[in-house]
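There are two complexes below, and they share chain A, which is joined by chain B in the first and by chain C in the second.
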Partner chain A sequence: MEKDKNGKLKIGIYELTGCAGDALLILDCEKELVSIFKAANIQSFLMAKSDNIDGELDVALVEGSVTTEKEKEELLDIRKRAKVVVGIGTCACFGGIQAVFLDKKEWEKNFKKVYGDIKMKHVKPVQSKPINAYIEVDYYLPGCPIGKEQFLSTFNRIIRGNPPELYGFPVCVECKWNENDCLLNKDIPCLGPVTRAGCGSICINHNLPCVGCWGPVEDANLTSEFKLLREKGFDYDFIKKKMATFSGTGMADFLGKLEGEKK
Partner chain B sequence: MKKISVDHLARVEGSGGISVTIDGKVVTDVKFSIFEGPRLVERLTLGKTPEEDVNIVPRICAICSISHKYAAIRAMENALSVKVPSKVVQFRELMHLGEMIESHSLHLYYLALPDYVGFPNAIAMASEYELEVKIALEMKGFGNHIMKTASGRYIHGENPVIGGFGKFPSKEELIWIKNRAIQFMPFVLKTTELFCKLDYPDTPEDDTIYACCNPGQKKYGFAGDEIILSTGEIIEKEDYKNLTNEFLVSHSYAKRSRYKGEPYSVGSLARINNLGERLKGKAGKMYKKYFNHRWEKNPLFNNAAQAIEILYAFERIPKIIDKMLKLPDPPIVKYTKKEGKGTGIVEAPRGLLIHSYEVSDGFVSFTDIITPTAQNAEDIERYCCIAAQKLLNSGEEDKIRDRMELVVRAFDPCISCSAHMAEVKKAPEEDWKTKLDKIMKEGSPIFIGVGNRNRSDDGAGIELALELRKHGIKDILLESEINEREAPWKNRNYRPLVFLDAVDFREKPGKVTLVPIHYIFSNSALSHRLLPFISDEMNYERLKNSFVLGVQPKSIIEGKKISRPVRQALTRVLELIVN
Partner chain C sequence: MRITKLKKDNLFPFLEIISEEADLWVPVKKEDKHVFKVVDDFSEIEMNSTRTILPPRKIFLPPNFNMFSVSEKGYKEDFSHVTKKILFGVHPCDIHGLIILDNFNKQAYLDSYYLEARKNTLILGLSCWPDEYCFAKSSNTHVIEEGYDLFFTNLEDFFLVWIGSSQGDDLIRLKPELFDEELKNKDIQTYINWQAERNNAYKWNINFAALPDLMELKYKDPLWERLGDACLACGSCSNVCPTCNCYNIMDKQCLGGKDGKIMRHWDACTLKEYSEVAGGENFREKRADRLKLWYTHKLQAYISKYGKPSCVGCGRCIATCPVDINVRTVGKALIGEEVDAFWARINKEVTK
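On to the complex of A and B.
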């Protein structure tokens, strides 16, 4: 990657539809923040500065999912300007909590219920989709929100031109490292086995089940998680809803198939 | 207007902007809009268990995530009759204070101060105010630390649940937090002095209604079971709709609120105005030292109010921790109830936050969430309109853009939308034509002629009305024909009203301007004798649909005839309406 005249990479941080949690987490890196601004040339970061420039970029970090035509255009424009695009947060990676209405008709029905027939002037709504529905994404950094350690190490690797490394295993592994008692053994519905590690199994460390906010891990054994929860006596719809909450498009195929089998 | 069903979009924080349109010397349009896409969060919670709802709703906004969680838990516990022990109550207050400290210091130092000292951002400001920026970061970090201790993570931690907490902090941890809070005191006092003494411009200033939670008899605080207004009225939390009366506008996905047709404000300044007298200790002293009548009508003082609240929070923390240290860690309270309705209200850093639910057969069947920025939106527009018009009057048009940013930012709508985008637009030539055309196309308006025919140009409105009548246009009324009881603004059928009048905009004689009627009310220089009287009689639906078509008079002299430029203007209006 090229550097600017001061030898720094040009970086932009963008927010689409989400809760701004991932951008806020970057701001929450108080001590490291000044170093981040020193190490890279932050061209655009609406949450932190008002003198933003929309030019060529080395790296664009994009938070949030696409829910309006305008955001779609913005995203396409970011892709054109940036050499590397990284999706940050579960919304950008999988569509987020707002991506649960996979059926278009149902989404339209819901939209109407909330907004009636009102015509919005600026922004035509579309159903929430992760950014890879519209552009090619180079790297993903999931989490709702992303974790500080993972963000800093990823950021560091990226500005040195190395691809980020994510954990390819589930939260369960981190949970074992932290020597927690397995909640599933206590019949508490925990999504640790199918959720990507990275948070440090923080919920289970607090005696609470994982709700899956990091999104699904690759090759997650969804069928066995589902069967296990069924064996523990949980209701079919209950498990389905639980798995769908944060997984957006990540588990859509599996959940769709499940629906088929039920019928 | 068509009524739209009760559920609505909760998330309002996000990207947005403010724009003002100026037609010559008059502000004719102000729009605070939120471009954020729709997330339908309330709908997402339907069919979920109460616990899952508590997982999801903080994702409405990361910046207020603890407040959302807190409000949701309070509402659910209310619905499901869960009573939590004292230690849980204390720990929740502590976590909420953490969010206040974090959010207020982020807002004050990162966003507000750079404006007042002339830097584009806090990092740039650090070159001159290194110590301030450093300590501000530490202070924000301390708020974050409390939130992390209480909730498990910086943002969206799942530790607070219905019935209590998954885990309580150790004694050592609590003592560390207490000591740190005490250590910080000198800098906190400096922060308070700094922001109370800032030179806040006196534009805009105007009265409003302030609303916040009433934390109980004589107490200051950030949660309660009733809403208190600056008018002295009290509203039970279950009756929150009496305050919020929501409606949609087409330029934003966030719903709006008005109380009895009037905009109102929530947030730090509302709390300090309504409850400031109750502050004790150092915060009480600061309040007494700095609070004055300007705080009652100038939204820019929200920054000063936030600084006093930081001080309050730092004084409160050691007291809460002392109580917590004496109490054992209780297990999560179990409940068996599967049905119920409940409302929970808390003060998010930026104001009153309401969550209301119905649970049926163990699942959420109704959700209503009302956020502070949705409630402030109308006042944000109104104050921007006042500021822009005043600067225009004093010939300082170049200051409008920055001033509007200052106003929007003072309301602290959220960091992403407060950091950018204020726009000043020039209305196109003869803008009134397009607007009048639109009003006539969208609904058949009633024209009302206002004025005094014996005083030259003051008779323009009456003259025009009579001419229209002559041309066979229906629905024309004269001021003198209106009988009080049947006045068209009392009518429940909301056809648009267009008042025809001579209005002194300090323009070229004969210039025609079309403005929403409420802009005339908030611009004392413009108000005609009839209009203020009407304003009390109009509800908001009516107000939104009423306009003034004003012609700039040349002179208003007893016994004289209408001047030439005004007469020409009347002909142009006549032509447009008749054709």
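On to the complex of A and C.
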């Protein structure tokens, strides 16, 4: 990657559809904020500054999922301008809560139910999808929101030209490090085994089951988790809803298959 | 080896004195399980605790700690986890676990992070009573002859205290009047009766001697695929195992500056990334293959090298695995017994 005349990489931070929690988290790194702006040339960061330039970039950090045609165009443009694109947050990585609907027909039905037959003048809504539905994504930084530690170390690696180094294992690993008793063994529906670690098992530390907000871990055994919860007596639809909430399109295929088996 | 006697009323005064010498870690309750912790109030100590959620190795090598602090001047080893500690209430099986880790960490490469912490920690063992998960008698780890500084056998209104090292003896010499060198015949008989009763209290056993051959004979058995189908790959079996010791290292550079840390965290061969190598190849991508490796290590490879399994019968995998993949069910399945376990049921229809 090329550096600017001050020896810094040009970086843009963008927000698509989401709660802006990831951008907010970056701003919330108060102690490190000066270092972040010193270490890189932040060209665009709508939440933090007004003099944004949409030019060539070394790295684009993109939060949120794509829910309108306009966002789709914006994303394609970011990809064109940036050498490296990093998806930050569960929405960008997996589609987020707004991507829970399983198939297009169901989405259209729901859309109509909420908005009726009105014609959208300025935006053309599309079904929520993660950014990799439209562009090639170099790195993912999941989390809802992303973690401070995780963001700072990833940001630091990226501006040095290194790929991120994230935990590739499920929440259970951190949960055991924190010496929690397994909630699944107490018949509490916990998604720890299928969810990516990095949060420090914060919910389970407070005796609340994992809801899967960091999105599915690569090696998730969804079938076993599903059947285990079924055996513990949880209702089919309850498990489906729980598993689909944060995993967006990441779980859609799996749940679609289950749907098929049910019929 | 000298054996002395401590009246139960004298335990807290003794712990009070020794806790001035070092951080005293003791078993306490965490909801309905137990953990090792430093406490201010000794009444929190669980004298009849079952296995702690994490084994005592967490005190020697924390799950995630800094190995090196890096700066422009070079790197400096960080031994801040090494402090003077006394670990009270360690059960015989866990002491065996530490002996296995000692051997491992003293092999070709000396792991100074472990060995330094070990050198600075005194082990005060405590006898225990088996629950439904314990099978330490099968691995002969229900009794302990080495690896402790003091060992307390918990009898009626007193402890018989084995002195296992000169450092253990030094602790007693801090206040010898609390101890009673004169053992009465009655005390000895109490111990003999306790031992016989305790040895009979193990509810089940596993024939470890048969397992190395069975691992070999059943290396291609469909059993492993069945286990792999159910395994959540959560790594919990490895995290709670007192003899697992694999780790991974991650660099944490400080933003903007030139300083950094090199963090070391517990890893597990049951996790997918563990076997990933440069270029993204993975030798054990399948969960079945990873489980096979874990069980080969515990039940076969270690036995052929050291004549004993690297399983100490603590029962943590049984108490922890949500899908019942543990030494008991896998051992039984290897021997050809019917197993009642989630992994054995998973491919059958789940009924509402």
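As a convention for this text, the second predicted complex is superposed on the first by the 263 of 263 C-alpha atoms of A that agree within 3 Å, B and C clash if a C-alpha of one lies under 4 Å from a C-alpha of the other, contacts with A are read in each partner's own complex, and residues count from 1 in each chain.
We take it that a residue touches a chain if its C-beta (ideal position, glycine included) is under 8 Å from a C-beta of that chain, and two chains touch if they have at least 3 such contacts.
Note that the coordinates shown come from a computational prediction; the quantities given were computed from them, not determined experimentally.
Look at chain A after the overlay: chain B and chain C fit there side by side.
When both complexes are overlaid on chain A, the residue A:L46 reaches chain B alone and has no touch with chain C. Rounded in steps of 10, the angle chain B-chain A-chain C defined by Cα centres in the superposition reads 130°. Legend: residue contacts after superposition of the two complexes on their common chain; A:G168 is shown touching chain C, with no touch to chain B. In the superposition on chain A, contact is made by A:N156 with chain C only, not with chain B. Which of chain B and chain C touches more residues of chain A is settled by the count: it is B. Judged by the touch definition given at the top, the superposed model places A:D181 against chain C, while chain B stays out of reach.
In the superposition on chain A, A:L27 contacts chain B only, with no contact to chain C. Here chain B and chain C sit at a least CA-CA distance of 13 Å once the structures share a frame through chain A.
In the complex of the two chains, the chain A residues touching chain B come out as 15-25, 27-28, 30-31, 33-34, 37, 46-52, 66-68, 70-71, 96-98, 100-101, 110-111, 113-123, 125, 128, 144-145, 147-148, 199, 202-203, 205-208, 211, 213, 238, 241-242, 245. By the touch rule above, chain C contacts chain A in their complex via residues 30-33, 35, 52-54, 58, 63-64, 229-236, 239-240, 250-257, 265-266, 268, 271-273, 287, 319-320, 322-323, 342, 345-346, 350. Of all residues in chain B, only 2, 4-5, 7-9, 11, 13-15, 33, 35-44, 47-49, 52, 55-56, 58-63, 65, 106, 110, 114, 120-124, 126, 137-138, 140-141, 144, 152-159, 161, 165-167, 248, 250-251, 253, 414-416, 419-420 touch chain A in the complex they form.
Residues 32, 35-36, 38-39, 152-153, 155-157, 160, 165, 168-170, 172-173, 176-177, 179-182, 184-185, 192-194, 218-221, 223-225, 227-228, 230-231 of chain A touch chain C in their complex.
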